[in-house]
Amino acid sequence: MGKGFAMRLMHLGYTVYSVGETITPAVDKGDIYFSISSSGESDNVVVNTKKAKNKDCHVIVVTSKEISTLAALAEKVLIVPGTTKGDDGEQTKSVQLLSSLFDQSLHIVLDALCLMLSYKNNISNSEATSKHW
Amino acid sequence: MGKGFAMRLMHLGYTVYSVGETITPAVDKGDIYFSISSSGESDNVVVNTKKAKNKDCHVIVVTSKEISTLAALAEKVLIVPGTTKGDDGEQTKSVQLLSSLFDQSLHIVLDALCLMLSYKNNISNSEATSKHW
Amino acid sequence: MGKGFAMRLMHLGYTVYSVGETITPAVDKGDIYFSISSSGESDNVVVNTKKAKNKDCHVIVVTSKEISTLAALAEKVLIVPGTTKGDDGEQTKSVQLLSSLFDQSLHIVLDALCLMLSYKNNISNSEATSKHW
Amino acid sequence: MGKGFAMRLMHLGYTVYSVGETITPAVDKGDIYFSISSSGESDNVVVNTKKAKNKDCHVIVVTSKEISTLAALAEKVLIVPGTTKGDDGEQTKSVQLLSSLFDQSLHIVLDALCLMLSYKNNISNSEATSKHW
């Protein structure tokens, strides 16, 4: 989901990178760092988010768990409800496996955010399309 | 979306590969080859699907365009309605940019397919979770 | 090899993208498009290079085959000798499998190019390191 | 370099996965886990290697630093000499930037390993080529 969101932001004219890809540079002071983890505990996401926080990035966390390692690192937290992979018993809000429900909710939330940005910045469909590989 | 679907199928116990990743082997006769393109005309998807068809794979195509190069190559076509990047005028069924609407519909359709497979093969959440990296 | 080269160019301060990654935008007139294929015939590389040529990019091709589809598309061709996967009989210049020899030669050639650029642009090691994720 | 090595092992008939790719399953007891880091301190590599060690994988580490966090986690360590990104002063053994020298040495070492495996397992070039996408 994070990669799709990064692509949409690129279509909208933002300078954006996805951690783990070839040409992603080091984060720098003042960058916005966007972390996604349904459980808020994914090891690699936590490690990279700490790195961003140490460089004085603005950390925004999207998670289903308000009480989590990742949420504690954030300047802003966006709670997207949904079942995540550790959930069982009463926490299970879905017949679907693992974090499927979270991923679906997240997809809609991030696309809604992109739609709002496209209105705000007055980006037309043809303008966004011209940026698509 | 295709990568998320491949990951879910792996969780469900299927042997699955995603084209373009490091350890994806050559396709072989009898393999099921799953192609996704909202327009049905994405150059790279078409090139790879032709390669799969020439090797006698069973080609399944997911697209919003019943009349398209990709659909013509398929043994089975799954039509997921939604706006795609070339659409304009009357074809535009969405206020969202590019293929956002298609991608959202596709996400739900593929996750529904995974849910049906999890019921059919009797895969529990803990079994699927144990396969997750 | 291409991805490593793209990363080094980023360290050197160039704006560079790798085709197939999330945030890679559409190519535009005047861009330099760098294509690598040992055989000069890799389907996907050829498709993408044609796309770049149609957009009036400056196409630079690196291949072991001077006579190839890819070389014919190029404004400049850089021949890196080495065995490639179709070679057999007299063409086989290596005991190694597939394109291993080409890949090794390519690695050294591209790193030498980066070293020359670092001298030309006067980039220090600490400057390059500060860009590394 | 690690991805190229994984691809060669796949060509040779081994079942291999690259961490961070879509269909990479959870590691399991008895798996061989191969970690590469020139400094032996790369955060993400260390986190993932600890995860593998906790699941009783056989951890093999390739690094230029015999004394490092990663080397301390390993069952076997393969030292590939070469400059790495933190090195300066006397440690700098190369005019090249960052870990270029390490990467080049590593490339040759891993390809030599693949060549030895191809002899040992009697894999012909055409057999390996048939597995290449």
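Letters A, B, C and D name the chains as they come in the text, with residue numbers starting at 1 for each one.
Going forward, contacts are C-beta pairs under 8 Å (C-beta built on N, C-alpha and C of every residue); 3 or more make two chains touch, one makes a residue touch a chain.
Owing to the predicted nature of the structure, the values given are computational and were not obtained by experimental measurement.
Undergrad: Hey, what chains does chain A share as contacts with chain D?
TA: Chains that touch both chain A and chain D, as defined above, are B, C.
Undergrad: Write down the chain pair with more C-beta contact pairs when A-C is set against C-D.
TA: Greater number of contacting C-beta pairs: C-D.
Undergrad: In angstrom, rounded to a whole number, how far apart do the mean CA points of chain B and chain C lie?
TA: 30
Undergrad: On a C-alpha centroid basis, what's the spacing between chain A and chain C, in Å?
TA: 32
Undergrad: Using mean CA coordinates as chain centres, what's the gap between chain C and chain D in Å?
TA: So the centroids are 23 Å from each other.
Undergrad: Note the residues in chain C that touch 2 or more other chains, in rising order.
TA: Within chain C, residues 4, 132 contact more than one other chain.
Undergrad: Inside the complex, what are the residues of chain A that reach chain D?
TA: It is residues 20, 43-44, 47-48, 51 of chain A that touch chain D.
Undergrad: Touching chain B in the complex: which residues of chain D?
TA: Spelled out, the residues of chain D in touch with chain B are 3-4, 6-7, 10, 16-19, 21-27, 130-133.
Undergrad: Of all residues in chain B, which touch chain A in the complex?
TA: 1, 4, 8, 11-12, 85, 88, 92, 95-98, 100, 103-104, 107-108, 111, 114-115, 118, 123, 125-126, 128-129, 132
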